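Each of the next two complexes has subunit A plus one other chain: subunit B in the first, subunit C in the second.
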Partner chain A sequence: MKLKPVRALMAAAILLTGTSAADAHIVAARLGDFYMGASHPLTDLQDVVLWIATGMLAGTLGASKGRWLIPVFPIGLLVGLSLAPVFATVSTQLADATMMLAIGMLLAAAAQVPTLVLCAIAFAVAVIRGAANGAELGPETDRLLFAAGLACVGYGAITLTMALTVLFKRNADSVTSWRAIAVRALGGWIAAIGLMMASLVLAS
Partner chain B sequence: MSLHVPRVLTAAIASFALTQPALAHEQAGVAGGLVSGLLHPITGIDHLIAMVAVGIWGAQLGAPAIWILPITFPLVMAVGGVLGVLHVPLPMPEVMIALSAVILGVAVAARLRLPSAAAALVVAIFAIFHGHAHGAELPRAANALAYGIGFVTATGLLHLCGIAIGTLTRWPAGERVIQGLGAGIAGIGCYFLAQGLGAVA
Partner chain C sequence: MSAIRYLRLALLGLTLALTALLRPSALSAHEAAMGVLEFREVRPGAFVGRWSIEPSIGASRVDLRMPSHCFLRLPEMNCGEKGLVGPITISNLGSNMSVVLIKVIPIEGEPRSYTISTANPVVTVLGTDAPTLEAWVELAKTYANYGIDHILLGADHLLFVLGLIWIVGGGWRLVKTITAFTIGHSASLAAAAFGLIGVPERPLNACIALSIAFVGVEIVKQQRGETGLTARYPWIVAFTFGLVHGIGFAGALAGLGLERRLLPAALLFFNIGVEIGQLAFVLLVLALIWAHRRLDAVVPRWGEAVPAYLIGSVSMFWFFGRLARVFVAI
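Entry: the complex of A and B
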């Protein structure tokens, strides 16, 4: 019995140090492209930052306005994905940075954005990111499965972020409560990140 | 027991043999961008003390400053960063950064109470110089977004540190400690100022 933890540790150490890059043979399986579509955005910083920012903006405006994004965002992703061949050669970095700056400023200012504008912003983000994800599709990828995976993860990410923000801000009754300030400060950070990125893209 | 040593040895040899070569492109890609962005504001002492001093001063000033600063400060820094990336020349950046540590340290030590607009202006001018330095020294190969995330996060966290230290003002003894800290920051700033002006090698 005494030896067991040692052995387990040894085995774990060997396994950890011995890992080699995983060859993603799941792609060759029948439903592999679904998982590829679902995991691709999560490995891209642009997607992660922008989707969280969009979800937070919707969450700060409250559930009644934000719930419109639940259908709008995945549909936008699909539209963007179908437009991918058109924008294949264009880099979306500058558009990403601009959206980050805009959403971050709205968050930092705690602006009361009308529902229509919110939907337009989310749709624009979704189209840009859908196109960017679609640009990296291989010729042998199953488009339908990839699109389904992308739409699912978009739906999940935006709904979760929005719900968490609504929950987080539920007790923030005044403008100066620390919860409201924390959300606004994070918005300021996102805007700053967008500004830095835009300048770096323009300079390079 | 006698069996143990060979076993451990075999395990060690096996684990060494199986390791992959580490790709030491420190300044490249997403990871490189994140790391250099995070470390850049922290590794320069003159930057670090000034960022913390801004947080402490904000906490000392109280109500509006303590929550306006965290929201707007990274943004103003980023404006400076843009100037740095585009290589817009600013007058004597090294001296101004050292001077910012001196002035902010003195403000904390003296519990200087400026109107919030004036305080914001002072902080904003210095923030632009700090951001300029970070932007100008960006490694070219790094991922732009990752560098931005690392840089803004590090700045924000340093700022938060300052605000946390600043909450000591609630107690009279803590107030003294903070004034001492401010004096220390001003002292270190003086050293860097002398260095910037060429008095110290």
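Entry: the complex of A and C
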């Protein structure tokens, strides 16, 4: 029975190292490249986990720090997307795993991160994931529309995640409140997934 | 911080996103990238096919796959004794060709139409009998999806709704306004689809662009502290322009050559699809406004007027582009 959480984490790590965003291409055929850009990250677990983790970290630090990510995160995605052709052959999996581990540990430790460091972390995540999303684009894709869709979903996802985290942590100033503990526990899980993912990438 | 400033920051992001759709191709957003292929039965099981509306990618590039027992080499198609029964699909549908209507004109019985779209790439021909439950389900799926696609790809409709939310804010006033817009476009969509009213598509699209410019002007008025018509009577403005946008929605159904007996159901499901897409958009905007309020993230004072002018500029770009298309065949 004790092994169950470990198995779940292993399964999550394996899923994260082996996911692809092929489903988004079906969306492109149906609704065009703007919606492909908007749906592409949502079909990739690495994006989903990292974006939620970043939004949660910002949310736990409070609205005054977190709100800076509203412009920083989409801009980072656009920068990453523009760098995608340069890093087309480089896998971002190790960088993803490292960021997951780092953010997870910060969440688990309930660390008080300065605004500048928070923005730097979010920008790094966004650049890495922007590049990863851009790496799979074919020549037939309208990159401007794709970029607009990606920036939009980045803005929406990070803003909503931060707001929901702020709402969840309201009146939870004490470190012993169940809400604060729940966020820290989730941070621990994210760190563990990042660690396992890094191990899998390095072992392969 | 006033609530309206949270609203403006959330809407600024969405306006910028919709502005990304500001491309020459967006001028013809409601002239569907579609084709119409007619099959006329000349003897039992043997058909002659021709494109009555050729898709923009060219007829030769359409990867049409008929039921496996049918031998197709246009203009001829032979389905033998079994007749034209079974699945029809097109494998290369995309933004350049999103809808193809297949019309089948049998020797006996009524002509039938089947719509293959990116949302529903396979249709099943069921023969000449009365529509079965399966046929109704397929019709519902096809047209509800088509309605969702139409509203999600219609940046002009979404920009108009965004403008209304901007002026009205939230609460019951917004519910009433969006309801009035829905009633307006549903009524004119039905009237246009049944042929009770008819407006040429190109001038109509120019009018739709003007309706967005009107909302842009109303936002500027509101920012200057004046009470505009939309702020005073939002539901009347929403209903009136809803009538115009509804005729635009009907343009998406026009030319599909639907059988008369299927038209009411197709119209209903198409409208349901449009409402689903519109509701999803409104809820997303409201969620973002809530999130901005929660994060106390407001637009800087210097940027307050930017979204209104963006809406105005985009709509006037569309207006002049569409007006040019009224006089010049582009």
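Basically, the second predicted complex is superposed on the first by the 173 of 204 C-alpha atoms of A that agree within 3 Å, B and C clash if a C-alpha of one lies under 4 Å from a C-alpha of the other, contacts with A are read in each partner's own complex, and residues count from 1 in each chain.
Simple rule for what comes next: a residue touches a chain if its C-beta (ideal position, glycine included) is under 8 Å from a C-beta of that chain, and two chains touch if they have at least 3 such contacts.
No experiment lies behind these values; they were computed from the predicted model shown.
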Next item on the list: Go through the superposed model and pick first if A:Ser91 touches only subunit B, second if only subunit C, both, or neither.
Entry: neither
Next item on the list: Quick one: classify A:Gln112 as touching subunit B (first), subunit C (second), both or neither.
Entry: neither
Notebook entry, point to check: What is the contact status of A:Val201 with respect to subunit B (first) and subunit C (second): first, second, both, or neither?
Noted result: first
Note to self: So in the superposed three-chain picture, is A:Arg184 touching just subunit B, just subunit C, both, or none of them (first/second/both/neither)?
What the structure shows: first
Next item on the list: Considering only the touch criterion stated at the top, classify A:Val49 as touching first (subunit B), second (subunit C), both, or neither.
Entry: first
Note to self: Per the contact definition in the header, classify A:Val166: touching subunit B only (first), subunit C only (second), both, or neither.
What the structure shows: second
Check: Counting only touches as set out at the top, which of subunit B and subunit C does A:Ile193 meet: first, second, both, neither?
Finding: first
Check: So, A:Leu145: does it touch subunit B (first), subunit C (second), both, or neither?
Finding: second
Note to self: So in the superposed three-chain picture, is A:Arg67 touching just subunit B, just subunit C, both, or none of them (first/second/both/neither)?
What the structure shows: second
Next item on the list: Touching subunit B in one complex and subunit C in the other: list those residues of subunit A.
Entry: none
Notebook entry, point to check: So in the complex, which bits of subunit B are touching subunit A?
Noted result: 8, 11, 14-16, 18-20, 30, 63, 67, 70-75, 77-79, 81-82, 85-86, 135, 138, 140, 143-149, 151-153, 156
Notebook entry, point to check: Which part of subunit A faces subunit C closely enough to touch in the complex?
Noted result: 28-35, 63-64, 66-67, 70, 144-145, 147-149, 151-152, 155-156, 159-160, 162-164, 166-167
Note to self: Residue numbers of subunit C touching subunit A in their complex, please.
What the structure shows: 9, 13-14, 16-17, 20-21, 23, 93-95, 98, 118-119, 149, 152-153, 284, 287-288, 290-292, 294-297
Item checked: Interfacial residue positions of subunit A with respect to subunit B in the complex -> 10, 13-14, 17-21, 45-46, 49, 93, 96-97, 108, 176, 181, 184-185, 187-189, 191-204
